[in-house]
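Letters A, B, C, D, E and F mark the chains as written, and numbering starts fresh at 1 in each.
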């Protein structure tokens, strides 16, 4: 993360956003036929599709937990989702992201209700800009609700970061490349508890607090968009729309 | 498949064959000690060895079908069977060929007689010219008979193709490279039912019919060679020869 | 193995050793906390760490032998243990060495006492000069004793070889590269039975006998060092030291 | 694949005996087809195709690489298909299985053997640099007939692909040179009935499958038989005929959808 | 990981309620740390770190290779971690699992993002030849808190690494150019108690984990939350504070151990 | 491998006590050997060897590649063995197992360490281009003693290999430069009896195995002990003696079969 490119002009960011402004987000629940729950999300240039299957018996058996369901998020980038074609299949980065998203989702799902089961959350990144892990987790939460999986809360994720010594919300592509810190978080909005937290770069303690506050703010805005998408699906279903 | 090389001279093909003439075919049943059934086949420049094992319990258990045997053909090319050394192990081409051959054989084997079992058909291409899938399937059928596997019929395969706008039987090496269509089929000779059918290239409907007829004709000729090979093995066994 | 470099000067070897002299060997038993038995061994420039786990139930079940324990030695070279970084993970060489060491250890362990069990012997080469298989086996034997695994004897390994037409004990790095034969053996010192034997290079029958005698001699010297290391560990434990 | 209850099988067969299909179609009819191009901005070309509930996304990436030694002046194309677990409760993560390999190879051959892409125009520097075309097929929703959906999505994606010359400092971008596309149509047979464009339910009871790709001259460009059942010669003739008829309609829709 | 008997869990929680830990430490205290460098002669740099009974060996190998096209003048570093079966009855041989991947990636990011290695000084010939730094982490004995042990061993190994210029006929060897290291400190929470530098027993009952890397200016250089529990904002603040405090002491010991 | 019934084991041991073997051979005798060369036309060299019912095919392919940096003027050879499921009900498809790896490595070392191939004559352009020799061993029928069959087939294949210079436009083809071959002979021990050239039944009850390769001067060129049993020093001496004796006969047959 180096600061060579000019990332601000007249107080605005390269894509015209204010420092505390999110990229455009569009969420649609229940977009797939086969999946038990699904969500399509566009977040700036990111396009993410999520399908949820389960709870169903975990196979092979030795992966079962006799006391609760296991939650297996699988974050995958399509080969054509990035500038230089990505080889199909999981790499170290996607396996790490799958792990932290699985852990965050497991926190809110009532896993004790489904011993020996698995809940599979398949996250496909079709178009990738910066912030796919937040986009993926946010869409996964909506798909889980769509699948009727009982949860304590609907988790939501958002990042803040630092560019040219300024703390900003939701880094875009160039900002991610040339910025000097990125702080993605996921929370349970009801409690404010932190479910996911990673930080790369360089932040003073003060800057960290500021970035954290901004990311939190973003989370709550997006949380409303999630609820709206779920409502829309529900209304369509019962013919209200 | 491009037509740059001259593939006909004085109405004859590069290797001196007439358009409706097969390459030389030699079939020998029962050539291996360990296998329950085996067959060695030479077809033009192709050399193929097949060994059959089973029916025996399918392992691991979750691959078993409680109602019938599964038929697993494994088509494999020896590293030294082609001009440029082939890396050992299955590639996408060999896995597809294994699949279509397995499906064709399954059609004639009385799989219902052997629930939970597997019948393994190992096809090794030792020397490869054009037409190894037809050679492999044809040899596999003989090896299955040699193994005493109960079958409705002895399947047989042959290809026809198009070179320099002419429909010919059983493409040879250069014809395969420079021809403009290849149509391998496998049939059950008793019923004429089609068990395998693939086509690459460009054929008018008329040409397709002509090529199909020619391939059928080839199948019946080869079917006789199969039966002869089985008879020879049987006669040798009972000391008639 | 070519003889281009001068490997002797004034009757002494490049590292100052006499023809029948071993490199410096240091053995320490019980150096790890988690392992049930462990050993750290330095042998010339070789540094080897061994940890033993088991006997414990072999998993998955189909690997179990209902009549006896299986012994699984796993010889592994650290990526940084050689001049040019080695890719992590087993290669063909390490898998062959794992096999011959497993077989040698199995000979002396009372495997009949532990049906269905596995005894895992993890051998990590941290620094590699010539002779890591002998070093690994020798350290593994000490770690097995440290783990309290019942054995008929404590096996020990040593190599002899030929450099510039002379038979010498325990080839060092350059000697291994430029020598003309290497003969590693492992024995059960009580009976003199041969548990491991490999030979590469070129030896007349006479030279073979001489090299074998020399390697045997080395084995018995190292056997004493093994026993000493075990004693030291035991004395430390009961507070004698 | 999933096990369909015997009761459902009987139901479908009974319907078929009365000349009907579960969703009201005629034996030779496709489900409704939707084609949308330009759906992935990072890809050089992309298309999402729906056939009924089946949904496939094909994305094209291009790069510069070395040609094969025996074809030093022609571009390189590769096709990969992933039956990602997103699309069906029966798809598993991991290396591609036989089904995905057959799918990719059939789509690949359909494009390669028909010489759809004019690969001889993709040479930059003989023996050194040629354009490489990567076709990646993502199954998003699996409700039967992946072969035709994957093939159609790949055609639509290729026909709207721009060669990213600018990104590699090789002048302006330009459309990927493409010839007339062959259209793939798949039929299955069960209980002696042959139906076009099988739904998932129909696929699950199918005994044998036949894919036929035909061009605008009604010539045959590729065929692939699948499953362990068999066809009679007569059935094959009928399937070819129905494939030509449906191919015509689909070709029209394809051209319309890409604005040509 | 291994299953800790419920009775031991209760014991640890009860201890914690009384402000105590199994081995007598305070909640914010590390176990005893030992750092030894130059332990592998074949490696360009190496260090063995013990934190309590946990023991990690990190070895550095260097080679010459091609730079990435988008950074033609900077060296390349890669980090690999192996949870070899030597270190624990629960580690298995085979390709790295999620745990090892996360470990390697967290250590890698800690070094990469903090720009510890001055990779821009590792260029030999732009676009052609740069130094490649391979960090290989070997876990020898696993008794909890691999993150900090692996990170510290890698720092100590890198800070004592000599660039093997002579071996490649590029002049004399010289020390690998290194900046100020960030120190990684890991805490876990169980039953609403947060403890620093968890032992294996504590890790086995931990609900959530937080690793914080801080530099000598008390700035934050990396964070990674793990496990399926959650933290409150307040807990995170306290963890950061404790990480800065411990980081200071560990940094001093690190410098001392490498003779600076 | 397969489980041999205890009754058969007793039978073989009883036979051995009376100085006999199942097939009437003496303890030191090989089964009948057949050697046929030139069996694969696509290969640069090939041979099929039968030892009793055991049947092995070895094929040689040659290509041009880069030499290893530390031996810039010598050709490269690699040996691979596949225990393909064709050859035995107990062989499985998939990556090579320990048995196949040991087989390939023993054959490889037998050829490499004896400097059978004059690799220093396989340089085309120092540091740039050398001949690469690929030895691929296919087991066709497994009835015991793969080591000797695989080794003998590879020798016969190499000794009849033509360097395909013409295909690479490097002049006329010429015979691969080869030195005197060492002959590999394998013995096993069970119940204190040592027998040469074990059949499959004998292998299945064997406690320990020894392979000895000797040359025409009766020197030892390679040895490999296998299995978890042990040998006495005296037994090893006897095995070496019997290996030299059998080696002589096999060498004669080998030369005859290749027409020299």
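Heads up, the rule we're going with is that contacts are C-beta pairs under 8 Å (C-beta built on N, C-alpha and C of every residue); 3 or more make two chains touch, one makes a residue touch a chain.
Since this is a predicted model, take the numbers as computed values, not measurements.
Participant: Touching subunit B and subunit E alike: which chains?
Facilitator: Shared contacts of subunit B and subunit E: no chain.
Participant: If you take the mean of the Cα atoms for each chain, which one ends up farthest from subunit C?
Facilitator: Looking at centroid distances, D is the chain farthest away.
Participant: Name the chain whose C-alpha centroid is farthest from the C-alpha centroid of subunit E.
Facilitator: For subunit E, the chain whose C-alpha mean is farthest off is B.
Participant: Centroid from C-alpha atoms only, then distance subunit A to subunit D, rounded to Å. What do you get?
Facilitator: 32
Participant: Based only on mean CA positions, could you tell me how far subunit D sits from subunit F in angstrom?
Facilitator: 49
Participant: Using mean CA coordinates as chain centres, what's the subunit A-subunit F distance in Å?
Facilitator: Those two chain centres are 58 Å apart.
Participant: How far is the middle of subunit B from the middle of subunit C, if each middle is the mean of its Cα atoms, in Å?
Facilitator: Subunit B and subunit C have C-alpha centres separated by 52 Å.
Participant: If each chain is a node and each touching pair an edge, is that a line, ring, star, complete or other?
Facilitator: ring
Participant: In what order do you meet the chains if you trace the ring from subunit B in the direction of subunit D?
Facilitator: B, D, A, E, C, F
Participant: Can you name the residues of subunit C that touch subunit E in the complex?
Facilitator: The touching residues are 32-35, 45, 47, 49-51, 53, 56, 74, 76, 78-85, 88-90, 120, 122, 124, 126-128.
Participant: Sort out for me which residues of subunit B touch subunit D in the complex.
Facilitator: 1, 92-93, 95-96, 98-100, 102-104, 106-107, 183, 188, 191-205, 208, 212
Participant: Touching residues of subunit F toward subunit B in the complex: what are they?
Facilitator: The contact residues of subunit F facing subunit B are 39-43, 46, 53, 55, 57, 59-61, 63, 80, 82, 84-89, 93, 95, 134, 136, 138, 140-143, 167.
Participant: Contact residues on subunit F for subunit C in the complex?
Facilitator: 98, 101-102, 104-105, 109, 113-114, 210, 217-233, 236, 240
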